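So that you can tell them apart, the chains are marked A, B, C, D, E and F in the order they are listed, and the count of residues begins at 1 in each.
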Amino acid sequence: MRMVLAVIRPEKLDDVKKALEERGFVAMTVREVKGRGEQKGIKLQFRGREMEVDLLPKMEIYLVVSDDKVDEVIDVIKKSARTGKFGDGKIFVIPVEKSVRIRTGEVES
Amino acid sequence: MRMVLAVIRPEKLDDVKKALEERGFVAMTVREVKGRGEQKGIKLQFRGREMEVDLLPKMEIYLVVSDDKVDEVIDVIKKSARTGKFGDGKIFVIPVEKSVRIRTGEVES
Amino acid sequence: MRMVLAVIRPEKLDDVKKALEERGFVAMTVREVKGRGEQKGIKLQFRGREMEVDLLPKMEIYLVVSDDKVDEVIDVIKKSARTGKFGDGKIFVIPVEKSVRIRTGEVES
Amino acid sequence: MNSGDTAWLLASAALVMLMTPGLGLFYGGMVRRKNVLSMIAMSFLAFAIVSVQWILFGFALSFGNDVNGFIGFNRSFLGLVGLLKGSLSYAPTVPALAYVVFQLVFAAITLAIVTSAMAERMKLSAFIVFAILWTTLVYDPLAHWVWGNGWLAKLGALDFAGGTVVHISSGFSALALAFVIGKRMGFGEYSMEPHNIPMTLLGTALLWFGWFGFNAGSALTAGTLASVAFVNTNTAAAAGALAWMFASWIKEGKPGSLGIASGAIAGLVAITPAAGFVDPLSSIVIGAVAGVLCYFAMLFRISKGIDESLDAWAVHGIGGLWGAIATGIFATKAVNDYTGLIYGNVHQFVVQIVGAISAIAYAFVVTFVIAKILDAVMGLRVREEEEYVGLDISQHGEVAYS
Amino acid sequence: MNSGDTAWLLASAALVMLMTPGLGLFYGGMVRRKNVLSMIAMSFLAFAIVSVQWILFGFALSFGNDVNGFIGFNRSFLGLVGLLKGSLSYAPTVPALAYVVFQLVFAAITLAIVTSAMAERMKLSAFIVFAILWTTLVYDPLAHWVWGNGWLAKLGALDFAGGTVVHISSGFSALALAFVIGKRMGFGEYSMEPHNIPMTLLGTALLWFGWFGFNAGSALTAGTLASVAFVNTNTAAAAGALAWMFASWIKEGKPGSLGIASGAIAGLVAITPAAGFVDPLSSIVIGAVAGVLCYFAMLFRISKGIDESLDAWAVHGIGGLWGAIATGIFATKAVNDYTGLIYGNVHQFVVQIVGAISAIAYAFVVTFVIAKILDAVMGLRVREEEEYVGLDISQHGEVAYS
Amino acid sequence: MNSGDTAWLLASAALVMLMTPGLGLFYGGMVRRKNVLSMIAMSFLAFAIVSVQWILFGFALSFGNDVNGFIGFNRSFLGLVGLLKGSLSYAPTVPALAYVVFQLVFAAITLAIVTSAMAERMKLSAFIVFAILWTTLVYDPLAHWVWGNGWLAKLGALDFAGGTVVHISSGFSALALAFVIGKRMGFGEYSMEPHNIPMTLLGTALLWFGWFGFNAGSALTAGTLASVAFVNTNTAAAAGALAWMFASWIKEGKPGSLGIASGAIAGLVAITPAAGFVDPLSSIVIGAVAGVLCYFAMLFRISKGIDESLDAWAVHGIGGLWGAIATGIFATKAVNDYTGLIYGNVHQFVVQIVGAISAIAYAFVVTFVIAKILDAVMGLRVREEEEYVGLDISQHGEVAYS
């Protein structure tokens, strides 16, 4: 099993969700994060003190899927999250050893 | 070492925390997420536009523990987070190579 | 590739960010979490019911970097996040198999 | 007609109007994130529904000519058609409509207080039907009894600004409703922490602010009586806040900001019936006792496992009861024409208790019956899954914060 | 001079002042998290800019001696130097400055309403310049036409508290601006959910509260007329809230709390021109029709893909238009000296329509021209990256929540 | 007795009351998430504590018969027992209690302003003791000096609504306290960003709204003087907001919404002593200068590494000082009976400076001493771990948002 973890534009969440759904990937977990990629951020001043608020709001979304689905999920996210501009985000693949469904105790690995 | 990552009902956090504590698992990190499992969500309308707000609030909790504790932690969470209804959540186990305590610089692996 | 995941004091985020930046580590993702380490928390009362609010606000920060950078990143975080008191936080290293840049489709592994 | 009195009464009506959404915020901050819109919306709807009901026939029922001491009626009051010009004997120095709308905002907030017992589980449609029935069958008669020359007025019961009509009635109605609707899923099993305490504190501020209109406006003139009521209101609120704070500090080790807020509300509730009858020093006592009493009432409710979720009963019901009795204790000729127990007037003291108990019994029983019937006919509660996902999504199709 | 009238007018001015930041919160809750400060700041700035403009010359242009029916002018009104003592014929029982500041707060909120069309994309510097031009070239003339003895006043158009001057003008100006400034990036492609609905509901509460000053204050005296206007205001708001709720319940399956709030605002807008001319039963009709009408106007706007983002046009423009017409339908001698269509007065009905259409045309065209010129000269919109990171960071260098 | 004046004074008292929780929100939005409840609670407690103190003996000390120019005393004022009927010479057209409560709300907010220097580190118990001592030993004497026929009143110092009594005293007291209590852990090392700027903007709105009661209410009558004060108040606030915005725009490249808000407060502070003595054009100058001056005072404070955390000193202290002086510059017979420097009245100018400096010295020194003693006796600060976890948990056992 793998966790496909993507950091995307918040505005694209709906599109990504819908695209994943259409391919049968319903289960997922989502949260708000802040981040930046390679390009540097934006300067910001507050009450006389300068600071960097270059971390911009992003959405993190992860799906734990079986190994043979990883490429498909990546593909779907890549297509649905893309605008072609800086800030489109990244996808990371992390190994997962085991997954347990709490309700039933069912274990997958 | 392993990271045991569980997505549970927000209302169950207190129970899970207490159950873990009783078994000596004090260290943990928690955050609010939204998610959905296999079952589909709920439709929602706003100001004339339909949208899906099928992602429901969940709590994510993770503990990094030594390999021999993984099953015990899973067991504790499974029992304390369970209501038997849809939405009870999932537990994932992710390998961790190393852990460093910032205060002391102490490394575990 | 590895994900270096650190849970630090919220107040130290700026320092850590700046220190990483100076060494060329610009890309990162950050989010608010709550957590506790080994030491036990603080008791809290509300409207006649006692409860534990021992989870304190923390910042989680993660960077996905190539394997040869892991130690450097750990080192930078360790130094810049340290105050020497309880609550300084922890760093975890998690294997990442693959990373995809959504804008370009570029894959690293 | 007096322009100063009119200015004050209109300003007061506006102040009291703000209390209803203020209460929505006060309550909304105390529920979980998934139910905050539902909570605030019920306050808005309480206000909107009563606003229309009052115009159409509510005012006629409460303030029309007395029918057997129980209810009022006056054809020309329906739709306010006969009230566009002139004054009413209730408030001879201001236009009739100013009096009508001042009374309207009282009726509205009373219903809103009852939503405490509906928190996080009431079906929106059931709430709407309940709202119309409750304001017509519970509030309007009670307002008539006390303020519309009904039987309690004739008996001599004092209620300056609504301790009985507003607070006892809403508080004990909330209790009755809580018994019928039942506990929230998970109540007593896991903690249901307030999701946004600053929101509750903002609500408290708006309530305290609006309460000056509530109590000092009830003088119906801008003069000495309004000024006394104003000072008493503020004093009791302050004393209540401090008393609850110290009580919870002693008992729980720490004084929550929610306790300070709840104590202020308790003091405000308790001074409401007394504001135009007692002096400022008595107000300190009335407020401070209210703070401690309501705090223990809340602890009692929790210990009994009753899910009257946001403590309308403990704060408004018990606070209002104490205020009604306290009026019979502390009323003084130095302020108004009445005296209380400490000046040897046992009669007033007894009358106050009779009034309070009648209101408690009437409000509790009628609310209980209304709720039971509604529950049978259409169901009071949302379905279990709806409660689980929260009422914001299930009743309103919305998410509060994103 | 009458102290009661003065007390009421000053209190009303304070109430109306609160509406502008209230609108900022109302709007601010509906935008995305990254633009909330920008949205609220525009309301504050609208208020600040108009406050200074009005003192210096705005009042002179609106309420100075009539010049050809189109604009006013009066040297001694500049800087208010000639108004420190005495009264004006507009409001003979109150000090001149009380009248000046009461009118000032109207001018300010009108501009603030227009910011609906600027949401999440307007450059701060362009907004400031727009603000000065718009209030001088659009608001001041319109206020003069209707309230400053201008041509519409002479024609006999009725506008009790600003249905035409405030709501039609701002609503249709917002529409014009929306066409010039263009859609937000991603509008229609992905959802832009309101980030904080409780904030919007708080804004609604403050607007409703302040509106009592807006409408009942417009009586300029504290008496029967103010009381009627007060009751009508509240009634229409309640009816509007309920009507929009039921309409959206039927059409969408669920009634959002935002719909309840928007319906209340729609009712308030529609009753504004009518508040001192109609009776409470008519107010129910006026409010309820406004609730349904504005709801469908909003759906229409969305279906056309027009990004008049926060619905100033649908709610204020269309609601104001309906209110202006409704005044010509329901005006009754039972309340004031005028009658409407239902009493056979076709003339008033026609005059109302003429007034409304003139205001629509004037506001739309002049705003369109101002916006086009500004866009050419300095650019109305922020750069694409700035829009992406949000206006809070890009225009103000701030993050709302941390 | 005049009902219009009474209506206005009561309405004003309610408006000013709202300022204290408004200030709590203003401050609360600027602290970190873990201290927001503590910050708001201190404002509530300041209000509650002073409310009781004022009733019991505070009013007697401030407005009782003059004792050596320094303090007042009047037995019959204790507990307000002798004030239930009749008027006071301070405000002959309104009931005595209306005057008492109007003054009460001033005393309360003054203390609340001082909490700026306690932000995120003051022990709750120490705050309560400080509150009682400070209001009794600093506020009451100063109020007596200026408004209670004390020595500054006899000298002829002008302070229309409290530039000296309220703002100078609280601002410089905050500075003294900041020196004694010391910096927050981590101040200057890492950034402490405001956790909720919309909350601060809401607070600003409530302050601006309430300030109409503060300044225009201080006319104590509803007439021309109140109207002038109302207009001046609004004008200076607007000018202050714009001036701070432009100053920070030039200096920092971007104008924060917090700057707009702070500028409005600075303008409001500065016009406070002058509101009933100057004309609207002077108010523009007074407000604009205040906006720039207080902005630079804030930068100066930061550059010196002084943790007077929420800028009571920079905004209220320096703004109040400028306002006191400006009153001596711009006072004009066109508005009231006094003239200032620009009309050749050097004496008034000098008197204003003497008054301001006396207040600064008195407030600073006495506060410093109180704070030092308290620190020695019971400790002003929470423990280091308590500061780390935040005062909401450590002092109140609560978490603001969940």
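Methods note: a residue touches a chain if its C-beta (ideal position, glycine included) is under 8 Å from a C-beta of that chain, and two chains touch if they have at least 3 such contacts.
Here the structure is a predicted model, which is why all the values come from computation and not from measurement.
Undergrad: How short can a chain-to-chain path be from chain B to chain C, counted in steps between touching chains?
TA: Minimal hop count between chain B and chain C: 1.
Undergrad: How would you label the chain D and chain E contact, same or different, if same means the shared numbers make up over half of all numbers there?
TA: different
Undergrad: Find the geometric centre of each of chain A and chain F from their Cα atoms only, then give the gap between the two centres in Å, rounded to an integer.
TA: 49
Undergrad: On a C-alpha centroid basis, what's the spacing between chain A and chain C, in Å?
TA: Roughly 17 Å, centre to centre.
Undergrad: When you check chain D against every other chain, which residues touch at least two of them?
TA: 2-5, 7-8, 11, 33, 191, 193-194, 196, 202, 252-254, 256, 258, 397-399
Undergrad: Scan chain C for residues touching two or more other chains and write them down.
TA: Residues 14, 31, 44-46, 51, 94-95 of chain C each touch two or more of the other chains.
Undergrad: Which chain E residues qualify as touching chain D in the complex?
TA: The touching residues are 2-5, 7-8, 11, 15, 33, 193-198, 201-202, 204-205, 208-209, 212-213, 216, 221-224, 226-228, 230-231, 234-235, 237-239, 241-242, 245, 252-258, 260-261, 264, 279-281, 284, 334-335.
Undergrad: For the complex, give me every residue of chain C touching chain B.
TA: 2, 6-8, 31-40, 51-52, 55, 58, 60, 74, 77-78, 81-86, 88-95
Undergrad: Touching residues of chain F toward chain C in the complex: what are they?
TA: 33-34, 186, 190-192, 388-389, 393-394, 397-399
Undergrad: Mind listing the chain C positions that touch chain A in their complex?
TA: 3, 14, 17-18, 26-31, 64, 94-103, 105
Undergrad: Which residues of chain E touch chain F once you look at their complex with the stated criterion?
TA: Against chain F, the touching part of chain E is residues 1-8, 10-11, 13-14, 17-18, 21-22, 24-25, 28, 36-38, 40-41, 44-45, 47-49, 51-52, 55, 79-81, 84-85, 94-98, 100-101, 104, 124, 196, 199, 202, 206, 392, 395-402.
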